[in-house]
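Input: one structure, supplied below.
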Amino acid sequence: MQLHLSTWIEVEAYLKTSKGIVMPIGSTEQHGPNGLVGTDAICAEVIARGVGEATGALVGPNIPVGMAVHHMEFPGSMTLKPSTLIAVIRDYVGSLAEHGFERFFFINGHGGNIPSIRAAFYEVYAEQRALRGRDAPDLRCTLVNWWENPEIGRLSREFYQGKEGSHATPSEVSLTQFAHPEAIKRVAMEPEQAPAGGFHDARDFRRRYPDGRIGSAPGLASPEHGQRLFDAAVSAIATQYRAFVAEA
Amino acid sequence: MQLHLSTWIEVEAYLKTSKGIVMPIGSTEQHGPNGLVGTDAICAEVIARGVGEATGALVGPNIPVGMAVHHMEFPGSMTLKPSTLIAVIRDYVGSLAEHGFERFFFINGHGGNIPSIRAAFYEVYAEQRALRGRDAPDLRCTLVNWWENPEIGRLSREFYQGKEGSHATPSEVSLTQFAHPEAIKRVAMEPEQAPAGGFHDARDFRRRYPDGRIGSAPGLASPEHGQRLFDAAVSAIATQYRAFVAEA
Amino acid sequence: MQLHLSTWIEVEAYLKTSKGIVMPIGSTEQHGPNGLVGTDAICAEVIARGVGEATGALVGPNIPVGMAVHHMEFPGSMTLKPSTLIAVIRDYVGSLAEHGFERFFFINGHGGNIPSIRAAFYEVYAEQRALRGRDAPDLRCTLVNWWENPEIGRLSREFYQGKEGSHATPSEVSLTQFAHPEAIKRVAMEPEQAPAGGFHDARDFRRRYPDGRIGSAPGLASPEHGQRLFDAAVSAIATQYRAFVAEA
Amino acid sequence: MQLHLSTWIEVEAYLKTSKGIVMPIGSTEQHGPNGLVGTDAICAEVIARGVGEATGALVGPNIPVGMAVHHMEFPGSMTLKPSTLIAVIRDYVGSLAEHGFERFFFINGHGGNIPSIRAAFYEVYAEQRALRGRDAPDLRCTLVNWWENPEIGRLSREFYQGKEGSHATPSEVSLTQFAHPEAIKRVAMEPEQAPAGGFHDARDFRRRYPDGRIGSAPGLASPEHGQRLFDAAVSAIATQYRAFVAEA
Amino acid sequence: MQLHLSTWIEVEAYLKTSKGIVMPIGSTEQHGPNGLVGTDAICAEVIARGVGEATGALVGPNIPVGMAVHHMEFPGSMTLKPSTLIAVIRDYVGSLAEHGFERFFFINGHGGNIPSIRAAFYEVYAEQRALRGRDAPDLRCTLVNWWENPEIGRLSREFYQGKEGSHATPSEVSLTQFAHPEAIKRVAMEPEQAPAGGFHDARDFRRRYPDGRIGSAPGLASPEHGQRLFDAAVSAIATQYRAFVAEA
Amino acid sequence: MQLHLSTWIEVEAYLKTSKGIVMPIGSTEQHGPNGLVGTDAICAEVIARGVGEATGALVGPNIPVGMAVHHMEFPGSMTLKPSTLIAVIRDYVGSLAEHGFERFFFINGHGGNIPSIRAAFYEVYAEQRALRGRDAPDLRCTLVNWWENPEIGRLSREFYQGKEGSHATPSEVSLTQFAHPEAIKRVAMEPEQAPAGGFHDARDFRRRYPDGRIGSAPGLASPEHGQRLFDAAVSAIATQYRAFVAEA
């Protein structure tokens, strides 16, 4: 059940059965020569919808632009400042809490978002304490990165045999190819697998990784892989969601 | 051309031909008994994509949650505080300006966003002046509400003969039925046309308009209307976009 | 009754009879060769006082500097960032609400303020909901632009026959000449009527309108016109104020 | 020369002769049984204008609402939060600095503003350093409280012989009676001189000083005193202003 | 009793006996050729601990970096923007108020902090009123500058005979030599006593006072003086603290 | 070399040899029955000083209060809101960058700080890009949690054999006992090892872990362990620091 495709009356009915909601959060940033700028937003959204279907959970609106300061030397990348992203999450959660939602399950598509999301949860908790004191509702926010579960790890190893890398990975590119087959890009990449490593700021990122990939071989991606990664992620995360809302 | 479905290399190439970008902005709020909570976000996004196809413009990511404080007594409605929405728009425009975009054409789906969007444009201009002084790039932001053009007005009169109303209108419901035929809701409404008028805060809104509609008869909506409204809006707004980017 | 010229004991007595207050808001910005930098602040204040006298309403302090980023290429222009102006209005309304005021009637002198004012109203509503929840007082804020009523439109056409323009207009200059006859400026202007049109940022404004006027012939202004415009505006707006505070 | 009564062309000419500007800042808060809510705003504005006339300095717009949280238990009192007041002063100074003003001489009417004003000066300096680095213009902001000079001290002792007090003082009430003879209030006060002392928060203020005065006997005020206080303050402060703008 | 060296159970017990807490606040900034960058933080902390021991008061954590924009041309100086410092103090006080602390006694080591601290107190009061209304706890914040009491003045005159100055003073250097004998610096200074005066921004400060001292002769400092200054300050301020918490 | 115990002239000299600085950051929060409220601040500071001695690095001032919203049901715990902590770190780094520091090595004592610290690094990077564009200095910030290295892990297993837990751990308590032997607390704890697990908000934390410990047996702590943990942490982190500043 997607919030955007529901009426308020349906939401009212839903709230009588559950106080949980799934919240996708992505990013809009370069993903190498054949990865889409919207990769992280698409992955988060598509998996969130899958989890919604698998569990009956309501799925809220996406946060399509995240924290991607370090990608800003590549055209098309966008970023919220961390302080802005915190304010957005605070307002999203705060709005839904007014209606009685209490369990916020964020499915994240971008590693760079993690600190701001976690900081935002505590900004929410602090604000609720300040506003309502000890009578504040018992809000619980949690964060799941779609790629961090054993099933995805296993498939990645099976498909890419150590060429997953850490940015513009074949897994995420596969997922977007599955979700948007009309937007599959055929691009030659040299070398097949990009160099791995860390980076400092945006200029340093571009100096070290001139085509945007880190340690990955996204030329190995395929929509068939994407389908299997999607199924595995949805299944694993649906289980996590069920546990989260069932928790005392 | 959608930013989310493009690679950074495609964006880099695009920037050699144009400095313009189309930015959809919607809202997530109740739209009466048969209108979707995502109505305004869907309308903005679908028309923005249409304009992108008609003009070759790049279409940026949506802002799916807008300023909807006055809808907050209806479950599922979400809102950013105006100050948060201003920060989001500032960061969106600021990010894209780093890459050389200079003409920002916002297609808006929600009347309640208008003040915050317009305020945000001046927040951007003020910040650019402060940061870069008289050497700041010549950024231009404009706002188009998809329903504010003669073609849409004419169709609305033809289809609904005075029962358009001002919230949860048959036009916007038709558009979402065209965009999402899988989510058409069949709901009886009493009276057919809701009472019209103004309102004050969120509680006052709900008191006056208990099912969420204002002055409208969204039971008249149909996906066929939606198709024609879509075609008309895209055609009218594509012309506006071309003029905007061609302006000296 | 002006707040600034009242004692707190008089305000306490007033609050037993009315919860309404008139709030002038202006701007400090260039108004062409013979218009005062304080034009918008003066117009808002003088009309607010007139409305206060006509209706017995309390008149609050002015906001003399508004949102005028687009005038900043002309010496003497001042601006608050939109986010600052929103904070100021939030604090003004919030302060007065602590004493029991509930109806805030802003009389505005400057078109550029409108988005920030309207955004501020919702910032106030959002904050009150957050702070007090459903027990928040029923605050109502409204905005009236002094020049937007049929009486003023009629006089402008009678006096200036299409040479009103949209910035540094003969109407507003007349009003300030009526209010401050000691500050009437005699300046030759070439051409009599400035070119009309739009503009983008502050530099673009100055490029297009080198003496600061847009579409107007403020050389036609006179204090006699000012008197008649004042009377008409006060009469029209006093009626609006009475309706606003009488509303259920 | 008042900014509000000048044209931008006059300001441009002024800037060729001086980079200094006088900025009044007041407050809107209870001033006891016969003191006006606008006392501090009126005093600052009237003296600033006097100093402008005496020195030829340009006088900027007032900040009529200051930091008066501690007066908020008395109807009609208004306050900006300190953080808002800092933002306002930052925007005022920042705006004027864009035109080339470099010496900002604030004439203050309210003790409670002092910390926020001084903090704001450093917010301005910090921001200018951040924005412009070592090439930032050499902005100088200073603060003068109109009552803090030997001449005013001497007159107060002559007129009130130890009954000046620290809030709602006969000096400031006299000044407003001189400036606004039409708003002189005749109110009996018991005792003639209010108790003196400190206070904590707003509730504590009202508990200790139920009619709003601290240590003062404002029944002794007269417009004649006001005239002499005005002359003395203008003369003393004009000298300070001349020294400020002449400083290397 | 230091908060940092206590357990929460000890704090819980303390709160049954007192609602007062001592809060040191310093600065990290140049203090001339032989003064430590941490001078103000060290002075505040060491005296706060002394007062804690003398009175049994709980001593909270230091704020080691204050508002020192004007020192920023000297390497090692650090500053919070005034708005940041206000937020920090608001959070410190707000946190402790959640546990029932009501009397906040700040011992300050740096003149430049005073406006921001005082502004912060009112930011706290305003926020508490907004959050809790008239049921807010009766929080009281006060500020004591360690050097502002007759005992310290007397010792300074005895030790330095007019060579105290106003920055990088022998008194504060002595105090740090007493607190940190391992960090006594032997540096020749020319002239023995620095020139006195005011300053504008950071660049102006460095131009006028090239070695960082203002009006002082810190070569006269000694750890023995430091001991006596410490004893005097602790004794004087302990008395002030006792009065503060005993106040009705 | 500690910044607080250095003169500005020594800092100036240091900057000719290194652009690196060590920054301790802690927290002020309950640490169970025998752990100090200042545990995390003390651990960060003491190790930072050790690393400074081992490497010759300059050590900046502590941030003694971090993000500890989840501990706020225990008396004495303090917290900055995440947004405040981000502002503090931004100002710390920004101040030091003005002097030419470029490598910021944060040694962290508290897991709850991690998201806000990481978010702050990107707030800094974003702000530097905005202010200076592609000419911004190449700032690099990194974060090291003192307990996250193999040496500490090994010692913990040797000393506590699975009773380390995740909050109020015997390792951190040992470290503070080593640093502050005068503040060792003898408290019986039941059970010896607290239950392990997660938690949601502050109230949930206290419900699940009524004495404040999570999974730990801090009764096993000793100052001798503290000494060995200190030596191991300093040695491991000094190596990391050297690599960080040597990096191209």
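Order of writing sets the labels: A, B, C, D, E and F. Residues in every chain begin at 1.
The rule we apply is simple: contacts are C-beta pairs under 8 Å (C-beta built on N, C-alpha and C of every residue); 3 or more make two chains touch, one makes a residue touch a chain.
Since the structure is predicted, the reported quantities are computational estimates derived from the model, not experimental observations.
Asks: Which neighbours do chain A and chain D have in common?
Replies: Touching chain A and chain D alike, sorted by label: B, C, E, F.
Asks: I need the rotation angle between the copies chain B and chain D from a CA superposition, between 0 and 180°, in steps of 5.
Replies: When the C-alpha atoms are superposed, chain B turns by 120 degrees onto chain D.
Asks: Find the geometric centre of each of chain C and chain D from their Cα atoms only, then give the gap between the two centres in Å, rounded to an integer.
Replies: Distance between chain centres: 24 Å.
Asks: How many Å are there between the centre of chain B and the centre of chain F, using C-alpha atoms for each centre?
Replies: 46
Asks: Roughly how many whole angstrom separate the Cα centroids of chain B and chain E?
Replies: Each chain's C-alpha centroid was found; their separation is 53 Å.
Asks: At least two partner chains per residue is the criterion; list those residues in chain F.
Replies: 72, 79, 81, 83, 98, 129, 131 - these are the residues of chain F that touch more than one other chain.
Asks: Return all touching chain pairs.
Replies: The set of touching chain pairs is A-B, A-C, A-E, A-F, B-C, B-D, B-F, C-D, C-E, D-E, D-F, E-F.
Asks: Considering only the defined contacts, which chain E positions touch chain F in the complex?
Replies: 2-12, 15, 28, 30-38, 41-42, 60-62, 64-65, 72, 74-81, 83-84, 87-88, 90-92, 95-96, 98-100, 180, 182-183, 185, 187, 212
Asks: Flag every residue of chain B that touches chain D in the complex, lowest number first.
Replies: So the residues of chain B touching chain D come out as 129-131.
Asks: Please name which positions on chain B make contact with chain C in the complex.
Replies: Against chain C, chain B makes touches at 67, 69-70, 72, 79, 81-83, 86, 112, 114-120, 122-123, 125-129, 134, 138-140, 200-204.
Asks: State the interface residues of chain B toward chain F in the complex, per the touch definition above.
Replies: Against chain F, the touching part of chain B is residues 94, 98, 131.
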